[in-house]
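Going by the order they are written in, the chains are A, B, C and D; count residues from 1 in each one.
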Amino acid sequence: MSEERVETTAAAVVLALALAFASASPAAGAQALCEKSQIRLVNSMREIAQPYHANLSKGGRMFARWAGLEGQYVLQLNQGDSDKQIALMRSILATNPKCTVFNVEPNADVVVKPMVDTANQTGAWIVTHWAHNRGMHPFDGYDHWIAHVAVNSEEVGIAVSEQLVAAMGGKGGLVALQGRLDTDPAQKRFAGLKSVVARHPGITLLAQQPANWDRTVAFPTIQAWLAKYGDRIKGIWAANDDMALGALEALRAAGLAGRIPIVGVDGIPEAIAAIARGEMTATVSSDAFYQGSIGLAMGVCVLTGQVPPPQTWAKQQREYYLRTTVITKENASRYATEPTVEGYVDEWRCDKLWSRASGPAY
Amino acid sequence: MALRQAVESRFRAGILSMVRRTSGPLLALFALTIGFAVAESQFATLANLRNILDSSAVPLVLSIGMTFVIRQGSIDLSIEGLMAACSLVFALVVANDRMQFDLGWLGLPIAAALGAVFGLANGLIVTRLRVPSFMATLGIGSTCLGIAMLLSGDQPPLIRDPALRHWGLGQSFGVPNLALAAAACLAAGFFVEQFTRLGRYSYVVGGAESVARLSGLNVDLYKVGVFAFAGLMTGMAAAMESARLGIGHVEIGAGQMLGAITAVVIGGTSLSGGSGSVLGSAIAVLALAVLADGMVFVGATPYMEKAIQGGIVLVAAIVAGWQVHDRLRVVK
Amino acid sequence: MSVAALRVEGLCKRFGDTYALRGVTLEVRPREVVGLVGENGAGKSTLLKLLAGVTRPDGGTMMVRGSAVRWRKVRDAADAGIGIMFQESSLVPDITVAENVLLAHEGSAVRLGIYRWHELFARAKALLVKLGMTISPGADAHTLSFSERQLVEFAKALAVETRTCDAPILLLDEPTSALDERGVATVLQTIEELRTHASVVLVSHRLEEVRRVCDRIYVMKDGSCVGERDARTCTVEALQRLMIGHETGTDFPREAVRSQLAETVCLEVRQLSRRDKYVDVSLALRHGEVLGIAGATGSGCEELCRTLFGIVPPDSGTMLLDGRTVALRGPSDAVAQGIGYVPADRPREGIIGAMSVTENMTLAHLAQFCGRWGIDRRREREVAERWIERLRIVTPCATTRASDLSGGNQQKVALAKWLVGKPPRVLILDHPLRALDVVARRDILKTIRELACDGAGIVVVADALDELLAVSDTLIVMRDGRISARYSIAQDRPTRQTILEKMI
Amino acid sequence: MSPVGPINQQPDSDEHIAIGDRRHGLGTGLVSGMAPVAVLVTLALAISAFAPSFLSAYSLRVLAEESSVILLLAIGQTIVIIVGGIDLSMAALASLASVIIALLLPELGAGAVLGALCIATLIGALQGFVHVQAKIPSFIVTLAGLGMWSGIALSIANTTVPVAEHFEAVGWLDAQTWGVPHAFAFGMLTLGLFQIALVRLRLGRYLYAIGMAERVALLSGIRVWRIKTFAFAASGFCSGLAGLAMVARTSSGSPTIADSLLLPSIAAVLVGGTAITGGHGNLARTLLGVCIVAVMRVGVAVSGIAPAYEPIAYGALVVIAVAMTVDRRSIGIVK
């Protein structure tokens, strides 16, 4: 399909979606399930030593403070241990499970099924992000699985790879730093890169290696590649910003900072600053602050009865792709400063919960 | 005249025995370098040599402290936790985006001193509470990791100090600064090992502790001294890695412990204590760095490296233990 | 009369319930070499350790150059110029000769913890030269030959000289026990040279050497000083008589010596040898016979025991049990063949202190107490109580911890370990009476004879002759790894004097 | 390697060199026996003050579920510590077992579980054999094992391996009947069997004898190498069981799934009162230790204490527990 045709169909889809959301906008006034004082907000994620997860936690805490529930905000970190993430959820549900909302960044795809089952059994509420095993959806009878806010990692991969290829002038060799291969984002983003490379014959993928989402591993890997491929490396693709920044430090050590385009994903403040300085080319932000808080917002709306119970929602309200924004030198200044509550207040309101939905994900 | 000969003979004999003892790791270093150079044309370039020096700087400093500890018959499993805590403290006291400190170069001695304090804790627990060293250091390591997580909070501090960042990344006279720092630490380690009581008595405490006690040496004092010295080196290594990456990171020490132990064992320090030298360990660190770098060149995944390190420690321990075959010797 | 360099009066030391030293009085004059001789267990090494500050006396006084002293640790004795040279090697392999020699006595060679190597080498060189050695102080200790190491140990003891301006006092414990002729000669020659600027206390088994190099000789027996002789005038025989002379009142009643013994040989050994431990040892043990082996430390009898029990394989030679040749790969094979072994070092090798008396007894043959459901505790207790009564073991009950029993009773438990199962074919007892009081000794000897009557072949190794003569049917004497004499107690009636001659 | 010749021979019997035996220790037998019970009670009460329903049936069931994997690891660790060693490779071995089970389940079904358990037991036995025959300290052998097994697990499957079919061969572990989680019941069954073996069987008596005084055991004709190899094999078997329980919980195998459980499982054994120097302790004490560790892990989650305090608590707990229970008489020299 030619370029224009793609544009129009996309517009039509968005219009249809907007109508669907509007019609299904919930009638106010369903009865409240829990008093505000009883509601407990739990943000479950890998750890907070990495900037992306740190922003998730800050977003959640910002929402809790705005909603006056800061006292009941709990942070659960699993240090990259899937079993511990499940264990932490089940153990906290020992007390008042009915009024607990989980906003979960899964450590690995397999974590979603046990956690959702636990929510259903104990009556707790859960919103999951990124991805889960195929073949299960909130609307398949998981009443307590409020929604799955997916991110179309392949789209993200494609978008950021396009930026890299453009910055490389359409030709030359690039190296790729992969994330933890047992997570859907890592696999899908790399698939996106490969499809873009396939479409541009001038671009060759020189080497790829997992660096565990971590800059301390990315640094020596890039150094070795620089030594091996030297100036044949025209671009560096990293599955997340932390690894991209590790690559940047390696380039700085070799005196090449800013001379080789680097792309990453997550849109953490340090990466956006690097883009503003021109040392990084682009990143894709799924807006960690938003991801860290929207799940809790949905939960509060359900528990305070401002929205009807999730099982009555439309399918695309229970599982949708989150709109992501590509950040390049042009719009870097807008995202440079750390966002404040005002930026999200209107998106947390119960009738605007799906403002960033960009299409069904099932 | 006899005096000069005595001194010369010491160093001739000393150096001879040093060379003989480090012949193992030297052989490994040359074999690996030549092997990879043949396999990968770009491997033996100046740039890659500089890379290997740069990536072996931190493990080398760690292996200096570990050599003293293993020579004493003990082990230090607290490296990863200690590095995390010292990295965070270092990042928070120099110019960073979270606290308003800006102590600049003073951050290095602070990180090293903090490492020495944790090392001191290791030593006191082993000597005063008579807890075996692998248990004591496992405990202290875990405690330090918790402290690092507390300090890191939800915003790991980024280091803004340009001088330190240049020190971490830059080069002078074509040699990476961190490699120069590591060489300085090696020189200091060699001086302590060959010219101070702490170094010489670590041979005695490791080789024949009952003789040391009998000769009236304050054995516990030197044991605590060695653990503190190892802690100091670990703190220094944490500062170096933080300056390079520009961040105080909880996982900065991940994977460094097994590498340091492997290097010290290959470097000629027997696990039952009493022998080995920091020079041997340093050469072994270079050999392991060549191996790691070569593996990236060849495209092998980093996971096999961990398995290879485990295998090397085992084989080295078997070879070292083979000579002492007294059927009745009890090994816990 | 010049003040004595070192003088002790009424020195005593207790280990548990036995007296190792019973009031020893002796003195060492400046620039004099004093010999100290006596049977094993006479307290010679214990006395040296008290003088060197390794252990603390339980009574008596010590005077150095006329002033009373009490050592709290080795460093105090060293400060007063008293150096000790132990039998075991105390050299650290990976440091230089100079460091070994001056360990803990570096003095000005190490200032502010920093080694000034040239000064250290100079001081060490001076000491080595003083002992006529040409070893370079810079060489690492592990590159030295065996005799060189022995001489460096000498220099190490002499290093105390640097700590006081007076003449040092050297205590030498069996310096020549593991040396060849050339090594012995150099040691004696070294002691001769030391005489010019130090006083020496020499402990040794080699009476000939002691007589040649010492001025005066003290003879010790059972923890006390039984005589002092001038080395020039007294003969080796006189010394030996003194060492084993008048009875100390612990004569062991000797039942009727059985003239004829069962003919069948239960254990036979032919031309057993093991490098620098023992050479060409052959012996035969009949059922019901008690074979005593006498030998000083270093004579190889202890290593022989360990070989018989399979702990240390021999280099050559064969071993037969009831006529069948056996090759013992380890203690488990020996136990399977019905051999029992009561080690000399009881607390560390004989019994498990933390376990109960019953558990200790049944440890070696536990299989015989296991029913279908694992260990049959009732049967285990029954058998234990039977043997407690049979061996007259004094214990509150069968389940008290072994560490709570007295030395003698612990020894009986270590013995019972081999008796609870089917009767043992061979029992090897290594210094069974060591560190036991007289009553316990007599009791154990009686038990040994009873076991012999039950038909077991028993090998007893000891260095105190009165023990062996009281219990053995035949006696073998070992010296420097070789069997130097064989006696049948009934026929040859060897006297202690003749045995001692063969031992030393 | 420096030749460790005869001259470096440690003087065998220390009798003639009397080394000051500093007899001080924070706990006597009795105190260190009762201490774990006191710690468990105070911890449970403190946390139920924070969260009143902590002692409710539901939360106790979660507690049981939580601790089943640590319980399995702690059983193997106890046996190795009783015989006087330590096994640092258990967690890595459990992860390897989980990867093997997840990979083989589709083809072999229940056979995969047996296969993985056999492999884990063999690896454990190999580590014990090398430790005894080559005279290498057990923590060195198992530290090398930690590196090797996690390296191999990561290179076999550097991703999480979801279990496609035949999950029922493993899934029963994750279910529960009458409110009792199967995994926990399975763990208790294993604990019971091993405790019976320790008390009733000849093997158990030999394990304690070797732990208390290995030299005496050797001279009593016990085949020390065989018993020690068995102890490490049992530890490997328990690692396999832990890997199996992991796969049941997360319906997948992952090369790093159990890595964070090494310290809690060792802490559980030591806090229970089993002495690190060997010979003292049993599985009942370990069960107490596992409860303490589980209450602590849950307590931290429930009471909202910052997650960073958990590693700090482990570090302190391990050091204090060892200091109280180490048997000072038996170790002259602490390296």
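Methods note: a contact is a pair of C-beta atoms (placed from the backbone, for glycine too) under 8 Å apart; a residue touches a chain by one contact, two chains touch by 3 or more.
Just so it is clear, the structure is predicted and the values come from calculations on it, not from any experiment.
J.: Show which chains lie in contact with subunit A and also with subunit C.
T.: The common neighbours are B, D.
J.: Looking at C-alpha means, what's the farthest chain from subunit D?
T.: Computed centres place C farthest from subunit D.
J.: I'd like the Å distance between the centres of subunit B and subunit C, where a centre is the mean of that chain's Cα atoms.
T.: The answer is 45 Å.
J.: Using the average of all C-alpha atoms in each chain as its centre, how far is it in Å between subunit A and subunit D?
T.: Using C-alpha averages as centres, the distance is 38 Å.
J.: At what distance in angstrom does the C-alpha mean of subunit D lie from that of subunit B?
T.: The computed centroid separation for subunit B versus subunit D comes out at 29 Å.
J.: Just give me the whole-number Å value for how far the CA centre of subunit A lies from that of subunit B.
T.: 39
J.: Would you pick out the residues of subunit C that each touch at least 2 other chains?
T.: Each of 54, 92-94, 311, 330 in subunit C touches at least two other chains.
J.: Among the residues of subunit D, which are close enough to touch at least two other chains?
T.: Subunit D, residues with two or more chain partners: 2-4, 8, 11, 17, 158, 215, 218, 306-307.
J.: Show the residues in subunit A shared as contacts by 2 or more other chains, in ascending order.
T.: 75, 210
J.: Of all possible chain pairs, which ones touch?
T.: Contacting pairs: A-B, A-D, B-C, B-D, C-D.
J.: Can you tell me which positions in subunit A touch subunit D when the two form their complex?
T.: Touch residues, subunit A against subunit D: 74-77, 79-84, 86-88, 90-96, 108-111, 113-114, 122, 133, 181-182, 210.
J.: Looking at the complex, which residues from subunit B come into contact with subunit D?
T.: 21, 24, 72-75, 77, 81, 125-127, 129-136, 138-147, 149-150, 207-210, 213-214, 258, 261, 268, 270-276, 301, 303-311, 313-314, 317-325, 327-332
J.: Report the residues of subunit B in contact with subunit C in the complex, numbered from low to high.
T.: Within the complex, subunit B touches subunit C at residues 2-3, 6-7, 9-14, 17, 194-198, 200, 203-204, 207-208, 211, 214-217, 274-275, 327-328.
J.: Which residues of subunit A touch subunit B in the complex?
T.: Within the complex, subunit A touches subunit B at residues 47-51, 54, 57-58, 61, 75, 207, 209-210, 214-217, 219-221, 223-230, 246, 249, 252-254, 270.
J.: Quick check on the complex: what are the subunit B residues that touch subunit A?
T.: Its residues touching subunit A are 40, 42-43, 45, 47-48, 51, 54-55, 149, 152-156, 158, 169-171, 176, 241, 244-247, 249-252, 254, 292-293, 296-297, 299, 301-302.
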